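In what comes next, chain A is part of two complexes: it sits with chain B in the first one and with chain C in the second one.
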Partner chain A sequence: MNLVNQIAKSLLQPLLAILVGLAAGAVAIMIVGGSVVDTYAEMWKGAFGSFYFFTNTLARATPIILIGLGVALAFRAGFFNLGAEGQLILGGLSAALTALHVPGPGWLKLTLAIIAGIIAAGIWSAFAGWLDTRFRMNLLITTLLLNYIAVYFASYMVSHPFMDRTGSAAMAQTPMVENAAWLPKLFQGMSVHAGFLFAMIGTILLFLYIRYTVSGYEVRMLGGNPLFASYGGVRRGRLMLISMFVSGGLAGLAGAAEVLGTQYRFIDGSLSAPGYAWSGIMATLLASSHPIGTALAALLLAALQTGGMGVERNTDVPLEISSLIQAVLILFVSARISYSFIKNRKKARAAADGSST
Partner chain B sequence: MLLQMKGITKAYGGVIANKHVDFSLKKGEVHALVGENGAGKTTLMRILYGMETPTDGSITLNGKPLQFSSPADAIANGIGMVHQHFMLYPSFTIAENIVIGREPRRFGFINQFRAISEVAELSRQYGMPVDPRRVIGDCSLGVQQRVEILKVLHQGAEIIILDEPTGVLTPLEVKELLESVRRLARSGKSFIIITHKLQEVMDVADRITVLRDGEVTGAVDASGTNVDELSRLMVGRDLVNLQRKEQTPGQPILELEGITLAGSGSKPVLDHINLSVHAGEIVGIAGISGNGQSELLQVISGLAKPDAGALRLQGKDIKDASVRQIREQGLAHIPEDRYQWGVAKEATVADNGLMGHTDRYTKYGLIKGGKVREMVRGWVERFSIKTGSLDTKAQHLSGGNLQKLIVARELEHRSPFLIAAEPTRGVDVGAMEVIHGELLKRRDDGGAVLLVSSELTEVLKLSDRILVMYEGRIVGETRAEEASEERISLWMAGGKRQ
Partner chain C sequence: MDLLLDATLYSSTLRAVTPILLAALGGALCARVGLFNVGLEGLILIGAFSAIVGNHLTGNIWLALLFAMTCVMMFSLLFAYMTIHLKANVIVVGVALNFLALGLTTFSLRAIFDVKGSYVDRNMVGLPRWEIPLIHDIPWIGRVVSGHSPLVYFGLLMVVLLYVYMFRTVSGFRLRAAGENPIASRSLGIRVTQYQYGAMIACGALCGLAGAQLSLGQLTLFTEGMTNGRGFIALVATMLGQSNPLGVGASSLLFGFMGSLSTRLQGMALPTQFTSMLPFVVTLLAMFFFRNKSQLADARRSNESSR
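Showing the complex of A and B:
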């Protein structure tokens, strides 16, 4: 009863945001002269219309879910980790290089590549956490700026030292990973790969972790009221490093899964261009950092994106219609954030006044 | 009758906050509204002030039936309210704070000269001296309280509601405030004072209405009643008079030597504090808040690190220990500001109760949820904490019930040393009795308790020894038997150690 209530409550806002988003999309469709019903029907078909399209949506949702989970964990602890982009790319790059250069059988390469992706991204993310605990550098800014370093570093790595020089086309990419080290596809001929299982398992594990473990409890309290947590003996610094490591690690896993399950090599820009990282952050915001909600929101965003491609293929309405709907979603979500931000500011002010008395 | 509220009923869902409440106010009267937390005092006043709509009942002002839809409406009809937490802008001057909303203007700008002269005139007229040019942030709380009242008067209020007006004031400021209230009442203003401090009620009120569980249990003239009768009406039974039994303190549990904390200003926030608390002893620290008590508690509990000095708990050096280590060494801590330190408002009652107890309720890193709920449910029963369920968010509990939850949580540790900072701030008489009883019991069982309170009566009632803090130093120490309110008040105001 209580749980049902809680779920219904947490779903209300996102559903409302989606409805408004679709309504705004409808207006835009009418302005460009398309048929609203046809366009949305095409969008539905593009996302869920056949088994092929459905698995396509799942494949796209995979990195978004994993990234969203990582961001959700950090948000729950009160840390605004905006570094998913850089963490994703470092994870992908590390996975590709490990799979290419570590000797051994395919399954070993695969396992080590995934672990390398998680660890590289986790350390990158925990580094920002360390800068916060050690030098009080604002996490929001460090994570954001570390993205640039990661992106350009990866770009350099694949356009110079590790560039694929076998083909005639000089693309900024690594050579292809050998077949045996690929993440298996879940269905013959479909794009969804085993990474999706990681995403599902990750969702459940994170849900259980936050709800039932002591450390998850401490994360929640730290996010709820940092002063209360420190008063109760929660070690903020330690918890920050751990949660940032796991948060980044999940983004790294997303990158590794994309490289090993879809592209089989690290291609410069291929992880940034689809906007996985920002979609992940959006999914988290839509679901108020609830793990299961985040996974559902990620699926929704992926469906909007693959559906948008369907719209572009079959109607005169451009692909950007999806971006427009997403943008309206973001607006709605950010309206809620700034609202709660103002509320918190007021509370903090009141608390400051109270303590000075 | 100036104001008449008849048969006021207010229901929130199934919960009835006010049940057929009658309340009236004569011109020039001081009418105290007393009752425990959750008795419905605030709800009744929120209805009068236009912040809530009653489910049933009528309000008449000067014989006219009225129903306010907003505070602005109430203000326009001459009703003003001074809230428990002051609503002033710290960086603006007194004059600016008072004229806000009805500023004298000149070419679209605020006319500072007129504002200042208006406020000076107002201050003179009502005999409440303030310097209109001073910035609020630099003023004492007593002065801020005065500014709040002047603001309401400037809005043209004839009826003034004061919500727990003396909570943050020093004894001297309380006296001044009560005198001002009496003087204003003589000049024709009418007051409604919401409070739970019965002695002040007896000092200032003409009439008293007592609420319990949303119903009026008594409406009496102050001249025809006494504190005992009032508390009986409030609680519904006689209160036990707590007695401290004679007891010789044992080993020192907490020891501070020369503890100094620099702070940001030129003066240290804590200046060579020496103190010790022994087993079986309650040491009370009196003082006006803001004289270093908060910082002292933070240093003891490990939330702040001192710049110099020694700090021992049960003989072990804890100067560089973490909060967790100090708690493990035997400290429990009822924090002074429950919302800032004591709870996470968005978290549930059960989650808030678990804080600090995680080590006891864990297996393989998992929380033993059932056991935790059992423990918290026990507290809810023993301290009669009013909460919807254990899954209710802490923010939905009233301040007093939240305080009981925090007290129960910290007592549960059964630690050798307990910090009790403002343990009964904002709680009602019944709960206060329970909390005081628990603190004394802890002492009788050989616990060491450091009590910090801005309520002098509380310090006098519970402590074996009393220290007074002023500007980061301990300026006076006395045994409870030899303590007098006068001497302590003098120390609190910065008088020298005799």
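Showing the complex of A and C:
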């Protein structure tokens, strides 16, 4: 009974947030003169209406889940890793270049490409962690800065040395990866690819790691109270490097999966334009860094985004209705701390009244 | 070498730097009261859009500026309320604000002007160009310094004014104290919350002007997501300048110069990606050389691990 109560309580807040988000969306729809019911019906259809749209949503959720998991791990350890974008892009770039230039059979290329994506992004992320532990440079700022460096570096790589010069169109992109090295699709003709399985496995592994391992406990302790953790003998620097490496590695995996499973080449700007990185960060924030919650929140955000496309196709309400709902949702959730805060203040006031009388 | 002496290069630098400079000064104010404002990007975007709306509604450039400032101030007030009163995490609210701004502006673009992508109106009045009487006639300098929108001069003026305010007035001293050590300041009777609200609202006004310069300064148009990372560059300029107005001014100028240079270098041997990348590398290096605080002290002061 107690457990049920607890679960209900932890679900109440996100559900309330979703309701508030949808209500805000409804107001916006009414302002542009659309029908609220029709628009939300279209949104539902666009996200889950048919098997095709459903797999579409899953495909969009894949990178968001992976990024969200990585960010969640870093947040749990108390590190604000805002570098998901750069890590995602470096992961995608290294995967594409590895798949293009390593000789061997397709499966070997695929495996090496994914590993390369994870390692490149992991090192990039751990570099920011190293700057923090070794030189005490604020991680939040360095990860933000490293984003831009990665974005411009990748843009240079695909517009100069590794540009696709075979086609007639002079686009900044690499040549196409050969067919054998593609990540297989889960269903014939659907857009969801094997990367989604990685996301699922990653969710479960991260959940078990944080919940049941000693090192996972250290991560939680470090995030909860760094002074207590250092008193208890947790080596912050080592743990930071490891958790940042894994965090970046997950973002890199997202990039690699996106390149090898959907686009089959690295196109300049194609990974940053859909806003995967910030969506992943939002998913983590929505679920307060709980791995399974993060996966669900990522699915919700992906559904909002694909649903928004459905709205755009079939009604006069613009696609951006989804980003409005997303933003209101996240604003509402971020104020969650306030409830406990207000409660505490009331309690304190009550206690003060009690003592004065 | 000819390129580096060209007056239009510096003149375009001044123009390009203004949105960044104004927003970065706002960010510096926030940083000084202990609020790290990641939402600059969103605030500028709202400013750019509402300036166009104000211009469309009133047809008067000054009323449009006022309208933009008011709109952005409302959003920064929301930001302040959530972070100060509701104790929401500053970074989280900043990120959410950026999303809200992008969604809201694009949505309203469709709702108000019924266009998608960008909105241009030939009848709209842009910001005037001010020719400064005497300086205008000096050969090289005149072409660089004169003939900009009033906001360009306002930005430069604000650098000096904010510096004087922060470091030469009692109120500015209290503002810095409120950010440096809120508990001690409170015990001295400084109204920390008031200073925080004041800084956020001032930041909103500055970001509103930054947006107005973006949408009304050079061309009168609004494009979806037209800030294009300028807010984050402003954030970086704030950090590189150590939240000191003079430092912020200098680093903004550096970034603006890099921006103009990289557009100028297009088609030459050096890839533009490297010139665009340079500000961020410079900032990283600057952080490396100017680092001072230890993370434990930080954690102790804020009493939480998330930074």
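Basically, the second predicted complex is superposed on the first by the 327 of 357 C-alpha atoms of A that agree within 3 Å, B and C clash if a C-alpha of one lies under 4 Å from a C-alpha of the other, contacts with A are read in each partner's own complex, and residues count from 1 in each chain.
By our rule, a contact is a pair of C-beta atoms (placed from the backbone, for glycine too) under 8 Å apart; a residue touches a chain by one contact, two chains touch by 3 or more.
Treat the numbers as computed from the prediction; the structure is a model and nothing was measured.
K.L.:
With both complexes superposed on chain A, which partner does A:E218 reach: first (chain B), second (chain C), both or neither?
P.N.:
In the superposition, A:E218 contacts chain B only.
K.L.:
By the touch definition at the top of the document, which applies to A:F80: first (chain B), second (chain C), both, or neither?
P.N.:
Touch status of A:F80: second partner only.
K.L.:
Check whether A:W182 is in contact with chain B, with chain C, with both or with neither, and answer first, second, both or neither.
P.N.:
A:W182: touches no partner chain.
K.L.:
Quick one: is A:S323 in contact with chain B, with chain C, with both, or with neither? Answer first, second, both or neither.
P.N.:
In the superposed model, A:S323 contacts chain C only, not chain B.
K.L.:
Name the contact category of A:I149: first (chain B only), second (chain C only), both, or neither.
P.N.:
A:I149 sits against chain C, while chain B stays out of touch.
K.L.:
Between chain B and chain C, which makes contact with more of the residues in chain A?
P.N.:
In the superposed model, C touches more residues of chain A.
K.L.:
Give one of first, second, both or neither to describe whether A:L227 is in contact with chain B, with chain C, with both, or with none.
P.N.:
Both partners, chain B and chain C.
K.L.:
Based on the A-chain superposition described above, do chain B and chain C contact any of the same residues on chain A, and if so which?
P.N.:
The overlap between the chain B and chain C interfaces on chain A comprises residues 224-225, 227, 230.
K.L.:
Where on chain B does chain A make contact in their complex?
P.N.:
85-86, 90, 141, 168, 289-290, 294, 301, 303, 322-324, 327, 333, 335, 337, 339-347, 351, 354-356, 358, 362, 365-367, 369, 389, 391
K.L.:
Please give the residue numbers of chain A that touch chain B in the complex, ascending.
P.N.:
For chain A paired with chain B, touching residues are 2, 212-215, 217-218, 220-221, 224-225, 227-235, 347, 350-351, 353-357.
K.L.:
What residues on chain C touch chain A, complex-wise?
P.N.:
Contacts found on chain C: 36, 82, 85-89, 91-93, 95-100, 102-104, 106-107, 110-111, 116, 229, 232, 235-236, 239, 271, 273-274, 276-277, 280-281, 283-284, 287-288, 291, 293-296, 299-300, 305-307.
K.L.:
So in the complex, which bits of chain A are touching chain C?
P.N.:
Touching chain C from chain A are residues 28, 31-32, 75, 78, 80, 82, 131-132, 135-142, 144-146, 148-149, 152-153, 155-156, 159-160, 222-227, 230, 278, 281-282, 285, 318, 320-324, 326-328, 330-331, 334-338, 341.
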